[in-house]
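Questions regarding the structure given below will be posed in turn.
As written, the chain order gives the labels A, B, C, D, E and F, with residue 1 at the start of each chain.
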């Protein structure tokens, strides 16, 4: 089986639904398959990256913690849509992990270069 | 127990979720309590009123049918937010039941005059 | 009769615009769950009359790491105050 | 590699704007479920390049009573054609 | 979680809760079979204890419950299903119970 | 419903379905206890028949399934629950099965 490029896209805020959690878990599950993996945050998904989250307050698991493990699992391509940041007046300095900020053209190239795009 | 004014608000398109159905069913359940009942469509909720729906195509119940029964159950105050109509280029002529179109000030008065507003 | 409006979705949902259609003078607005992002920059609240008191649930702000970003016109409140607010207004209208 | 994008939420969700961030030349867009309201007036589709083919699921249009309102630049398709479209593009990206 | 914490705060302030009405995905809190992730709070269990300890009436919306496979023994029988998965403290009933609660109470607070 | 009709159309055109992966509320289609409103199609039953007749592999996402009270007998045992409510044709497994399907198939089509 040839090596594929999988791109996970997440566009939901961290705790309002289970979708954010599901996408991180899917990416972590994908890591063991040794494919090329991109993880892209867009829209409200960028809120998942905000540092100093503490979901114990709402008896839940802090999603920032799971995102920090992405790199440990070998997922180095942690990407963020620049326009989603601008709209929310956020910058990579607000985040708990290092990210690559992509502009419009780079986003389109990312999609084009992906074999599978998983947007749950 | 004094007679109360109940206002049901629905803002969801008819079939994408169960919420539209839930609100109509709740209003029909309320009818037997002989209170004053308003039923207000706002935002995507106005799509519920569009005539010639046929949910058999998606193996579901046509919600327009349930809305037609509101009047039979004595719920005569079927109200629509005018700005939601304008945004969607819809008019009462597109609908399967007669409705009263409310402007901004009337909407605020409706809320103020209600004892309970149910927005599920 | 006054109302407390609770908003539980982020600004992407447009819930505040819908809510404002029914907000009258003296009504209050409480941001909960993902709604607390409405209380963070950029300022989404300029469309609201100063006559309407604004609150955000502290637990939800802390969970999301945004308590320190809360705009100054919004008061952080705990669950106890949330309950008091539902009593001090005549009714509660939820937006989710 | 080209993509077919499926959009299943109404214009209130803003899904088309999100989708367009990832749409490249030659990609197709298929509106399904509440997404079919994107194919109805007012015209939400002026921001899309004519290079991108547009489709809407016929069953969902009929269910909602809006088949007759479909904008002329959008082609109504059934489930058979939906399957063919997923094959004729290199991948499918879903927006919900 | 928000609804649960709100209800606890209301009781601790001495307010009386007339009824808790579960609808939509909320009915999952009335499912005795549901299991929370290991490191998260078991919300159905917490609700169950809270409602029992404070003797609060609770109802799961029948239409929401049935499609999610939450059955009372009576419904199980009617639909000839073998299993039963409703918490003992919660009844299944229609939306009339929501309307009744809205009429009987001083405040209706709902959490989408 | 969209996913079900799409799957039927794919099979009728001679395509092979490698796997159906239920997640989120979709796992309710794998709940043997769920009951549809009288005048609507019984979607869980329709899926069950379709998957069995065409011998298609199906998996319900374990985390989505557990919080919704959908248990395989094995999980039932592990969590000491009395009842069992998973359709016989569907296994419970992790998100790895979704990734595996994405890698093994020519197309992944998901329905939110």
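Definition applied: a residue touches a chain if its C-beta (ideal position, glycine included) is under 8 Å from a C-beta of that chain, and two chains touch if they have at least 3 such contacts.
Just so it is clear, the model here is predicted, and its values are computed rather than measured.
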**Prompt:** Chains in contact with subunit B and with subunit E: which ones?
**Reply:** C, F
**Request:** Look at all chain centres (mean of CA atoms) and spot the one farthest from the centre of subunit C.
**Result:** F
**Request:** Please decide if copies subunit E and subunit F contact each other with the same set of residue positions, more than half shared, or with different positions, and reply same or different.
**Result:** same
**Request:** Would you identify the chain whose Cα-based centre sits farthest away from the centre of subunit B?
**Result:** A
**Fill in**
The pair of chains with the most residue-pair contacts is E-F
**Prompt:** Whole-Å distance, subunit C centre to subunit F centre, using C-alpha means?
**Reply:** 39
**Prompt:** CA centre of subunit B versus CA centre of subunit D: separation in Å?
**Reply:** 28
**Request:** Could you please state the distance in Å, as a whole number, between where the Cα atoms of subunit A are centred and where those of subunit E are centred?
**Result:** 34
**Request:** At least two other chains touched by the same residue of subunit B: list those residues.
**Result:** 43, 58, 60, 116, 119
**Prompt:** Residues of subunit C touching 2+ other chains?
**Reply:** 8, 12, 14, 33, 59-60, 91, 94-96
**Complete:** subunit F residues touching 2+ other chains are 2, 37, 63, 67, 108, 110, 112
**Prompt:** Quick one: in the complex, what on subunit A touches subunit E?
**Reply:** 58-61
**Prompt:** Okay, in this complex, where on subunit C does subunit E touch?
**Reply:** 6, 8, 32-33, 57, 59-60, 78-80, 82-84, 86-87, 91-92, 94-96
**subunit B residues within the subunit D interface of the complex** = 13-16, 43-44, 47, 50-58, 60, 62, 64, 87-89
**Message:** Please output the residues of subunit C touching subunit B within their complex, sorted ascending.
**Reply:** 1-3, 14, 18, 21-24, 91, 93-96
**In the complex, subunit F residues that touch subunit B** = 1-2, 37, 39-41, 43
